[in-house]
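Input: one structure, supplied below.
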Amino acid sequence: MSALAAAASTGEAVQFWVLGTVAVVGALGTILMKKAVHSALCLAATMIILAVFYLANGAYFLGVVQIIVYTGAIMMLFLFVVMLVGVTAADSLKETLKGQRWWAALCGIGFGVLMIAGIGQASLGPGAFVGLGEANAAGNVQGLAALIFTKYVFAFEATGALLITAAVGAMVLTHRERTERARTQRELAEQRVREASAPPSAAPHPASADYGWKLPTPLPAPGVYARHNAVDIAGLLPDGTPSELTVSKTLRDRGQIRDVSREALNDLRALEQRSEERLGRDCDELDRGGRGEGQEAGR
Amino acid sequence: MNPVNYLYLAALLFTIGASGVLIRRNAIVVFMCIELMLNACNLSLVAFSRMHGNLDGQIIAFFTMVVAAAEVVVGLAIIVSLFRSRHSASVDDASLMKL
Amino acid sequence: MSFPLLTAAAALPALGAIATAAVPAGRRTAAKWLALLVSLGTLALAAVIAVRFEPGGERYQLTESHAWIADFGVRYELGVDGIAVALIALTAVLIPFIILAGWNDADPAPDAAPGLGGAAPGSGGTPAGAKHYRWRPTQGFFALILSVEAMVILSFEATDVFLFYILFEAMLIPMYFLIGGFGDRAHAGSDEHAAAQRSYAAVKFLLYNLVGGLIMLAAVIGLYVVAGNFSLTEIAAARADGTLEMAATIERLLFLGFFFAFAVKAPLWPLHTWLPNAMGESTAPVAVLITAVVDKVGTFAMLRFCLGLFPEASAWATPVILGLALVSIVYGALLAVGQRDIKRLIAYASISHFGFIVMGIFAMTTQGQSGSTLYMVNHGISTAALMLVAGFLISRRGSRLIADYGGVQKVAPVLAGTFLIGGLATLSLPGLAPFVSEFLVLVGTFTRYPVVGVIATLGIVLAALYTLVLYQRTMTGPVKEEVRTLPDLRLRELVVVTPLIALLIFLGVYPKPLTDIVNPAVEHTMSDVRQKDPRPEVEAAQ
Amino acid sequence: MDNAENLIALLVAAPLLGAVVLLLGGRRLDRTGHWVGTALAGASFVVAVVLFTEMLGRPGDDRTLYQHLFSWIPVGGFQADVAFQLDQLSMTFVLLITGVGSLIHLYSVGYMEHDERRRRFFGYLNLFLAAMLLLVLADNYLLLYVGWEGVGLASYLLIGFWQHKPSAATAAKKAFLVNRVGDMGLSLAIMVMFTTFGTFAFGPVLDSTGSASEGTLTALGLLLLLAACGKSAQVPLQSWLGDAMEGPTPVSALIHAATMVTAGVYLITRSGAIFDAAPAAQLAVVTVGAVTLLFGAIVGCAKDDIKKALAGSTMSQIGYMILAAGLGPVGYAFAIMHLVTHGFFKAGLFLGAGSVMHGMNDEVDMRRYGGLRRYMPITFVTFGLGYLAIIGFPGLSGFFSKDKIIEAAFAKGGTEGWILGGAALLGAAITAFYMTRVMLMTFFGEKRWQPDAKGELPHPHESPRTMTAPMIVLAFGSVFAGGLLSWHESFVKWLEPVTGFDHGHAPLGAAAITTATVAAMVLGVALAYLQYGRRPVPATPPRGSLLTRAARRDLLQDDLNHVVLVRGGEHLTRSLVYVDHSLVDGVVNGTAASFGGLSGRLRKLQNGYARTYAVTMFGGAAVLIAATLLMRAV
């Protein structure tokens, strides 16, 4: 508990210089990262470090609260919102307002310099620090409690009210009022039919992929009326032509549709050839029929 | 080491946060920067409470946290509804104040 | 603690205004009658004040005093001297006539745009279709008039500088709406043009007076810094017995601050240009309200505050102010001669008359200041008579241009007669009230500043010129075609005009009741500024 | 009858009552109104006679009656009362006003018979009587001023009685305005009196003239003279009288011949004490008088409008009176005497003219008269008697009064005396000339009648009795008044307590002056006869000499006014209107505009980007810190 002493020990000094640097880096990261998520993470890091500093300064309660409330609650809230808005939204750091960045830099530097100058000019030597020795004598939390519930009780109650209000406010703000009545199933069905019953003029052949208008029914499954039932084989329409609509869009885009209508006939012809050669005899009607079939297939 | 360094650190963080508010367009990030500034203040408050040897500074810091929490809640809610309405979280898009 | 008469006299119209404004939209006539009754009640209270006031007694009587903003020593402090009584009486007398004259000016026509009045004046009752009219111009019109009355009366009574300042400024708000919201329907050009003109006039009125008020505010604060409180009586007393010393420059600056505001309100050349617009664009009753009632607050305040609080500075500034007053007199009269618009002509005539009033105040003689006080009253009455008759005429023909009239005398002799009497009063013909005051002012000025008096006398001739030219062009000569069908004055209008004219004649023949009230107050003012009437050169053999 | 003074108010009250009743009475009085008015005027005359007898019953130095009604304007040292003072001077005027007034009321009954606004006419006439009586009865200058402006108002209303005629309206306005200039003089005079003596009541002021500086008195005198010029149509303010003839003839007779225009003479005589102590002012007065009497006479010679010719004559006769009044105690009495006689014969002449117009369909151009003596004998006789009286035919009124004035003028002594006397003599000659001209052109020669506007020839006839009776009475007056008044200098003695009197010593004897006067008169008549009696009068006026043409235009008086006042005034007002709009108002609007522009530029800073505002805030914070640090540093 030497941290309570006025002057800081070397250990604390080391801790300060190391973590302080990290904190500053985190802060810079917060404002320089392209993606909001990264900024949030950097901020979280800085806050944790600040929590450590609180502890180092003898504000044990605050240190813990800092971790729980800030890093635990607030930062998570931030992350949620970031997710809500879109993680990948990386906003460009290109400045749109004319001169904004320069002014910002000028003001920032000026402000910082002045602040530091002011603190320096206040010339607070180590002797200026009383330390929290007796203040924390009865324990930091007890001390805070004593103050909160006596001296600051009204402010405390007020903050309570404030929090409630904030919660309600958040709900009011984010709650979205439904503007129109939800449509019943019947209405949906009717709409479906209505849309379907209005074919565009010069309707393309149902087989084509860019089939212009909604079907009242679900699309046919692949492999219907087909000899194959693979996913990449288009089903055949009643007239035997394959309908690309039956194949999933991804495959269609990749062009991985196999057309099997032709090779089926080829297999048949090959079979007949083989059987003729084996029997070796000429059979007219068979031949005729077979030829006719062959011709049929050949066409 | 002189604990006054905490104050310098706080000033630095505050300045960084403020500059962030000025240069970032994403409302959420702007909010984070504001949080950063608040935390910087808290740090200085804590340091002061150490300096004066009483706990009032920490109390104030505590209240700051509470208020900050409330503010974040509402603020984020606003951002969300804003995003819903105009599909962007850029503070520059909400520039209807111009004549 | 006796009955707070002064507060009551101001509170009654204030409450009346609220009540009138609350009358539902359909019941316009009720609102009118309510407003009229309230104004008559106020008149009764004013009469009681005039009776309870003993001319010989204390300087400020019927006083009331309550702490208001204790931290700054601001008090709700009322009290009347003779001058205030006279002016309160004037206000209380004029308002009923103004209300009666504006009886139909704010009726919404079924197709009327808000602000731009309504049914043709004179067509009484509620025009069809106005039933479903949500917007309630009539109620607003009369409520505004009553509120103005309340503030004017209270400002005449206030003996606390801060309280007076508040009222002095607050008055502008209802006036602004009266000017901008209820324009004269007789205008050349389109409705849009008229509306633009009207809003221009209203804004001009507001800006002028606000600037004046702003400077006055600075002076008020300065006064508080110097004197430590706002009470007119205390400060004046302290000034008198020398316990409150002011550096000459400070006093002069404060004086100028106050005077500027009052000069804008009065209005004094070259701060006068808002008046013609305001009077030209507003309806005749409102124009009367402006020039006959509200502007009097300015001249009254010069008499009560400028002279009472800053005697040395007043003496210091007198030459310049007299010069300005002189310019106003001649300049206003000449411009009146040059006008083509009846109402603007009357406005410039008023500017000339206000020049006389200011001149009399700063002549620092008993005759001058009594004359000025009488002048305020008489000018109020005479302008009211002339302007209201002019308003009746304009509302008949629907034009403000002098050139559009001619030969009215043959068509509407009564109207012409009353108009002539009003005009004769304006040119201050002996036997009518304004003569008494004008002559007093001139004599009072002449005894101290002969040259000024001589030049100011020119105003008499010029007044005759513009009045008679106006009368000749409008009333005499061959009858114009458009005029041939004009009806003569109606009963309501006669009720408005006749008492005013009777009052003009009575006060012209027997002003003693008024002078008896006013003289002691003027004596006090003279002692404030430590001035005595110049002795005659030779003692006349009696 | 010891409290006769209480009757004085009645003199004013009666006609005032009449005015009120007639003007407010409304249509129901249209049938009887004129008789009411006449009766009240007559009543006032009766009261006047009663007071006159009462006054005669008193010793000469104790004939002044006072009546204090009420305190009018009491403010500090300024004490104006409504109080009357009836002394011999006022009495004379009261009798003249009420007497002639009543006669003319009577005359008007006939003259205005066909006018539907007759009631109002009589109301105005009564109003005039009241104001005029107030004027002569007031015991202080302020009350006199009231009457002074009151008669001005009445004259305004009556000149413009036929308002539908633009000429009439303009003439009325002109008369009032010119009078206002004079009134300015009177009001300034009152102010000077108040500043000097601390009062403006006749008694104190006139008694203490001795103690005032002569400069002040001269100023007073000149101011009063200005007032007199305005009211009595003396040069340079005479221009309104000619146009005033637009009014009905009775008005011209009563107001612009007999009574109102003589108010100036009253004022000067009343203020005699002031003028006696201020020789410079007196000189101004006599100069004005002399100039005007010639001026008016010359104008009278050139006018073809009978009324305007008579108006010129009025001007010139009043010039005589003013001249006399300017001579001081020598002349006051004669001024008033001439005023009275003039009141008779000039009123008679005007009424005669009115009667002629009445018979000639309101034709006023004498060149269209001629040979009327046969058609309207009474008018001819009365007019003729008035004519003889005015030219100063020995034995008639005008002879006595005018002769005395000329004598007094010579009595002034020195070159002044000669000049004034000469002027007066010349005036007498010219008077004879133009009056003879009027007489010849109207009643003698051949008929030159022209069809009137409606194209019908006039057939002249004698006027009704209500009109002729007053003319006859006035004719008697114009014959005998002069002789009566100068019988043993009765009139002079009568006025002496008020105006004082001393016999002037003319360089040449009274007889010589009388003969000279008669000679001048004869000369004038002869000349006129040669020009208008012998050879026929052309129906259209010949071009005439330069002087004639100038005289026809009132010796360019109006042109002068037009160029100097009207034109200049118009330019002044027009430029001032411009100045007010563009300069005085322009400055304000300019300021407003500049502010608008400025804010328009500043507005650009408000680009609506929250971050920009944040930068400003941040910079502001920095500045604040810098400020605090500086504060601590120093």
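The letters A, B, C and D name the chains in turn, as written, and every chain counts its residues from 1.
As a convention for this text, a contact is a pair of C-beta atoms (placed from the backbone, for glycine too) under 8 Å apart; a residue touches a chain by one contact, two chains touch by 3 or more.
Heads up on the chains, UniProt names are A = NADH-quinone oxidoreductase subunit J; B = NADH-quinone oxidoreductase subunit K; C = NADH-quinone oxidoreductase subunit M; D = NADH-quinone oxidoreductase subunit L.
These figures come from a predicted structure and were not determined experimentally.
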item: Chain pair with the higher count of C-beta pairs in contact (A-B, B-D); value: A-B
item: Closest chain to the centre of mass proxy, which here is the mean CA position; value: C
item: Intercentroid distance (Cα basis), chain C paired with chain B, Å; value: 60
item: Chain B and chain D: spacing of chain centres that average the CA atoms, whole Å; value: 94
item: Distance from the mean Cα position of chain B to that of chain A, given in whole angstrom; value: 26
item: Centre-of-Cα separation between chain D and chain C, whole angstrom; value: 37
item: Where chain B touches two or more other chains at once, by residue number; value: 18, 22-23, 25, 92
item: Touching two or more other chains - residues of chain D; value: 607, 609, 611, 615, 618
item: For chain A, residues that touch 2 or more chains besides their own; value: 97, 100, 103-104, 107-108, 111, 115
item: Those chain pairs that satisfy the touch definition; value: A-B, A-D, B-D, C-D
item: In the complex with chain B, residue positions of chain D that touch it; value: 603, 606-611, 614-615, 618
item: Chain A partner contacts - residues on chain B that touch it in the complex; value: 1-9, 11-20, 22-26, 28-29, 31-33, 35-36, 39, 42-43, 46-47, 49-56, 58-59, 61-63, 65-74, 76-81, 83-84, 89-90, 92
item: Touch list for chain A against partner chain D, complex; value: 97, 100, 103-104, 106-108, 110-111, 114-115, 117-118, 121
item: Complex contacts: residues of chain A adjacent to chain B; value: 4, 6-8, 10, 12-13, 16, 20, 23-24, 27-28, 30-31, 36, 39-40, 43, 46-47, 50, 53-54, 57-59, 61-62, 65-66, 69-70, 73-74, 77-78, 81-82, 84-85, 89, 91, 93, 95-97, 100-101, 103-105, 107-108, 111-112, 115-116, 119, 124-126, 128-136, 140, 143-144, 147-148, 151-152, 155-156, 159, 162-163, 165-167, 169-171, 173-174, 176
item: In the complex, chain C residues that touch chain D; value: 204, 207-208, 269-270, 272-273, 331, 334-335, 337-339, 365-367, 370-371, 407, 409-410, 424, 429-431, 435-436, 439-440, 442-443, 446-447, 450, 453-454, 457-458, 460-461, 464-465, 468-469, 472, 475-479, 509-512, 515-516, 519, 522, 533-542
